[in-house]
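Look for chain A in each of the two complexes below; its partner is chain B in the first and chain C in the second.
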Partner chain A sequence: MSPLRAKAPRSREKRLDTLGAWFGPVSVASQEFAGDEIAQRIRTFAQSSNDDLLYALRILSGIRNSVTVIHGPRGCAAAGLYHTATGSNTRWIVTDLDERDTIMGADGKLRKSILALYHRYQPSVVFIVGNPVIAINNDDIQSVVEELHQELELPIVPVYVTGFSSQNAVSGYDTVLHSLLKYLSGKSAPTKKNETFNLLSVAEHPNDRKEALNLLALFGLELNIVPDDSTIELFRSAVAAKASIPLCPDAPEYLGLILQEKYGVPLIKVSRPVGIEGTGRWLKSIAAFLGKESVAEELHTRKAAETARKLGDFSLQGIKVYISLSSSNAFSVLDLVEELGGEVTGLTITHLDRLHVRHLDELTTRNPSLQIHVSDGQAFEEVSILRKLSPDLYLGDSTHLGQVARLGIPVVSLESLALVGYSGVVRLVRRIKTALANGSYELALAKAASPYHEAWFRRSHNWHIKQEVK
Partner chain B sequence: MSIKQGKHIAIYGKGGIGKSTTTSNISAALANAGYRVIQIGCDPKSDSTTILRGGNDLPTVLDTLREQSKVRLEDISAVGFGGVLCIEAGGPVPGVGCAGRGINAAVEQLQELRVFDEFKPDFVLYDVLGDVVCGGFAVPIRDGLADRAYVVSSSDFMSIFAANNLFKAVNKYAPSGGARLGGIIANSILAAYAPALIDDFAGKTGTHVIGYVPRSLVVAQSELYGKTVIEAAPQSEQAQVYRNLAKYIDENEDSVIPKPLNSPELKKWAREWGDRIFEVETGVVHEMASI
Partner chain C sequence: MSHHLEASRNSCALHGALQLFEAIDGVVPVIHSTSGCGVQHYLGVTRLSGGNDTFGSPPVSSSNITQKHVVFGGGSRLREQLKNTVKVVQGELYAIVTGCSTEMVGDDIPAMAREGRDQEWPVIYTNTPGFGGDIHHGYHLALKALIEQLPDILKSREEIPSGLVNIWGIIPNQDPFWRGNLQELGRLLEGIGLVPNLLLGNGQNVASWQQVPGALLNLFISPWGEFPARLLEERYATPSIICEGVPVGNAASILLRRLTDRLELDPIRTEEFITREESRLNQQFARLADSYYRAGFQREFALVGESAQVIGIGEFLVNSFGMLPRTLVITDNPSESIQEALDSRLMAILPGYCTDVLFSEDQSEIHDVVRAGQPGIILGSSLEQEVAVELGVPFLALSFPLFDRIVLERAYAGYRGAAALLEDLGSAMLAGSKYINEAS
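After this line comes the complex of A and B, so read on.
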């Protein structure tokens, strides 16, 4: 059966055994993922969480000349605000469903919203994003899509995120990519290939994309970046590309997989181009596909030496580092920290699944007792872990930086720092130097009272993480 | 896009109208004709396939989902008469949750298990409660799951109203890839006026009747033994009626988008037939009528 026949893809839990809650040594994780069945974990208390709708909006907000209809009650506009917060300037609207709509069906309001957006902004595509209300009500989006698609001669793409079908927000990426492929990419592989290569980029920093383009210029490839900062025309042409090169092996994985399985576009398996060796590995994997190994080898040798020169005698020798990032990012930054001579004492990642098995196995060989904490938004657990580990440096996105700084730990925000490529190493080192040179801000913050009771710190870090028993 | 495995048929009808009996007998007849058949009961009562399975218990998809994190096909299916694979979607505990959502979740689970790819059926019959065609119960005729829907109706007005409601749902979803209507199965035909009444309704709604199933003691007797008529009394006339229905469904690809009656039209139509039946039953003789 075609993978695109269903309204939405299988959730990450079902497809890749994704865990959103876990705590323990990497060797145990590796052992568990070596088996056929992974026991799901549940969190009996959560401080905050993302959902698939938010992750879906991350992708949609990057598609140019699009408008997004958030089809739900007015509270769902909060998701739209997030859309804006990501820096997107694409338009969005919320259909503001009321009680009557939830009983009688809301197709009328949806139709009206799409028509209003169409006449006001003349977009090249309209996205409809679902939510729990629509999913529970089985609201009829499809009829409106078919009807207006013909009437307006405009692609209208429904994205069936529910907010509850998956415990892992990352499933939202898959759901959007599924819809984009289903509604824009045609039913079969095109007979004629074009000369381009897809650069698969999902929710990446613009400077990271720029750096990747600079690196790939080496091979003289014609590149088509999808779906970030893309258009529907560019997305449509992805099915005719010669191959797909992911910028990250995780977020765009579903896109690469379907392009390969259904449309015959080979997916080049790569890890993330972060760190000196990491960037080299990325380039060499692509070069192997193109048969241009020597070109990549030459560039890597030259760039690695140049980067080493720029870093001078900088070393993280003797520095204990804690990393808290989205999963693939975290694993690649871990390699980079070790490359710089640092010791990684712990890791918080957003999710853990079969895509990360290679990292788990490698880490088990190097550092089997390294503790991995899987959480997307649980600062209270992270703070408890950090207080015990007491690292010298914390590298993370901006989510919990404030709380971590209050422990007196120097922090570096990687939220808006482009890490890709050789230049990413230099940028990171510059930030780290600043953070380590002056820890007085964090030390001052540490004097304030802790927001947590001591009783919480006496509990095990995985107090609220339980194995699902059925 | 790959071709869907087998013909997917949804059979709707008012509760208690004989939907499950009719569906099970059609399944049995199709199986007897050598086809691989799956019957999926989409009713929280979960008794659709009972007479295909000799009355034995079968855990429903939703009960199993509630108790186990991983569901396997063998946990939720049983092979009944003639090799028919029997599945009951089930529903939440009565009084809680949403039965429509339950149907939705159960169907998703079946897709997850790749039941159709594994079993490779020639026919999949969804037996769906048709009193309420809310979003959940419309699942089999939405999203291209079933190709055709049939409705089981007696000459009872409430059953006709339920059929008309289904026509509204088909009318809504068919243009966007939902199922079209294959026809009406007239069931429990006893009164002399019954075929004419159902025919008239079919004519008014742009549909047609694909078969008339007389009310029969053989059906009741077979059910008491947990069997379909096809199994218990294969030589009976009633069995032949079901075989004819199965043959029609097998051979006929005709389908329409019905034109449901609106509420005043339906009331007017029912009143006129009510008057006519009353006159027949009470023996009213009109002026100028020939005796």
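After this line comes the complex of A and C, so read on.
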């Protein structure tokens, strides 16, 4: 049976035993993932965190000439305004469901919206995004999709995110990529391959993509970039490509998997091209697939030397660093910090699953007592951990950097810092130098009151995380 | 049946309630909904209002319900979340707000709040599903919860000062200048011997809200203040005065005279205050004249914002600054009767001049009407910048969403606000003065 038959893929929890809440030494995490059975954890105190809907919107914000209809109440489209603010050219529409719509259904409203938008903007694709209201009501989006697809001869792609069916927002990437392939890429593998390679780039910084292209220019490949900044045509040609190169092993994992399993496009296994050695490893893995090892070897040697020259005598020797990032990013930045001579004292990652086992095992060998904290958006937990560790530097992309900085810790935001490639190392080092050179703002922030009761910091960091009772 | 909306600037009721609760020191909102609701608020509202991040993070407590709670109900999850929030997060008052999912599931929120109160926790609640209405509706719901439930939970010990005036209708972040505007309004009231109860912003806390019933008067600054004023009139027979627009420049004098008249204050003191403030503003007008004429400030403008902003800023620019009102767009979707009143008021804002007035929150409609007017400058949200760039005219961002400015204490209300507005408007004109020839 085709993996794309279902409305949405299985959640990451079900597919990869993904955990969204966990705290402990890396050796224990490694042991747990060596077993068959991994118990899900739940929080009895929680703070807001991303959901699959938000991650779906991230991907859709990068598809050119598209209109995104969030078929729900107004608030579900708030993040669309944020994507506009940060440069997305997508048109964001909300059907503005009201109480009556939640009882009577609103497929008429959806149909009218799509028709109006089609005539106004002549987009090449329309996305319909689900949300809790549509999911709970089980509204009939599918018949609208089918009717209007025929009537307008326009691809209309429903994205069945719910806001609650997975505890891990990363499942939202899978759901939207599932729909993009299902509705844009054709029912079966094409008989004839084209000459292109896919660069799988999910919610990456534009400069990261640019850097990856610069690096890959070495091999003289013709590239399809999907899904970031792509068009629907690229999804059609992606299934006929010679191979897929992921820019990250985690976010585009499902895309790479389906391209391989259903359409026969081989997936080149790589780690993330971050750090000097990390970038070299990425290039060498691709080179091995292409049979161009010596070219990659030569470039890496040259670029590594050039980067070392640019860094001069910079070292993180004696600096304790805390990292809080999406999972694959965090593991690759950990390697980079160690490469720069720094000591990583702890790690917060958004989710932990079978894709990360290699990292857990490696870290267990190197530093078994390193604390791993799995959380998305749980500022309270992080603050509690950071107070105990008191690191010299925090590298992160969370939405609660403001709370971290109030602890007086110098912060570097990686939310809009391009980290990929050799140039990413230089860029990060420049930012770290800046942050360490003057901590006066953090000292001023440290005077702001904490939102939390002091007493609760004396408890363990995970007193409120329990094993789920099935 | 409502129309779909492009790039809606009026988020949902849950977000409106969060706006209000996050603006009061010591109030901790407890979201009972799916995990993304609070992040949507942070990304789509907090981050787009120029530096208004209360906690340094998204809202600090959220039950993050999952599939299991959608199927079997989320009441027990809320019970657990509330219990732990009281333990972990410092607060004087915990306010449960709900999202669409928990409302559709039918969780009994009043019962949960009651259980909390039985434990002697200070808990209020309000049902704020996003499908119930927009951000203004959420502002109303949160106000209602505070006005109706607070007196039963916390007994006020402080004495209420005489001459206290509650100020309503300025919605945090929907008016990006809310903090500064409230402070300037407070300064004006103090100038004529009243005691302002700002209720929101720096230093305003639960105790400020406990004083609400003892006020002499409710002053409301936008159509959205009518609801709490009516509620308070019913409960405590407090009279109220409406000022439909943020009073900018000499409009403040009119308001101060009305208050003096209504509350039988000392008119001599009021006139002295007004004279002092107006003469200062007039000097600033005079110092600006050279730039005004040289760079051609006098031109047609388009103004896009909430009704109180459009009235207040629009009337100031027309009545005191010689500018020509080409297009006025009101984005906060006021009720039909208010729309009618505003429509006739704004159509005749400059008698004999043809002004287009539009009520819309849909980006494509707004941009069409602004573009068609061919204004010489655009004042609006950051979303309108693209039209300004397209037309090659100067642009000033002053309404929500605001993503290319930081606003901490800046005000456009009152006399000082008028001067700040002239600074910003003049700077935008000068920065864009290379376009003067086309625009004038």
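Here is the rule we go by: the second predicted complex is superposed on the first by the 461 of 470 C-alpha atoms of A that agree within 3 Å, B and C clash if a C-alpha of one lies under 4 Å from a C-alpha of the other, contacts with A are read in each partner's own complex, and residues count from 1 in each chain.
Rule of thumb we're sticking to: a contact is a pair of C-beta atoms (placed from the backbone, for glycine too) under 8 Å apart; a residue touches a chain by one contact, two chains touch by 3 or more.
Quantities reported herein were computed from a predicted structural model and do not represent experimental measurements.
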| item | value |
| --- | --- |
| Which of chain B and chain C A:E147 touches, first, second, both or neither | first |
| Contacts of A:G264 with chain B and chain C, given as first, second, both or neither | neither |
| First, second, both or neither for A:R5, with chain B first and chain C second | first |
| First (chain B), second (chain C), both or neither touched by A:G341 | neither |
| First (chain B), second (chain C), both or neither touched by A:I136 | both |
| First (chain B), second (chain C), both or neither touched by A:P368 | neither |
| Between chain B and chain C, more extensive residue contact with chain A | C |
| Touched partner set for A:V94, first chain B, second chain C, both or neither | second |
| Doubly contacted residues of chain A, that is, touched by chain B and again by chain C | 136-137 |
| Complex interface listing, chain B residues touching chain A | 1-2, 4-5, 67-70, 98, 100-101, 104, 111-112, 114, 116-117, 134-136, 138-139, 142-144, 172-173, 175-177 |
| Residues of chain C that touch chain A when the two form their complex | 1-15, 28, 31, 33-45, 47-48, 53, 55-67, 69-70, 80-81, 84-85, 87-90, 99-101, 104-105, 129-135, 364, 382-383, 401, 403 |
| Sites on chain A touched by chain B in the complex | 1-2, 4-7, 10, 14, 37, 40, 105, 136-140, 142-143, 145-147, 187-188, 468, 470 |
| Touching residues on chain A, where the partner in the complex is chain C | 42-51, 53-54, 69, 72-82, 84-85, 91-102, 108-109, 112-113, 116-117, 120, 131-133, 136-137, 163-165, 167, 169, 377, 379-380, 399-406, 448-453, 456, 464 |
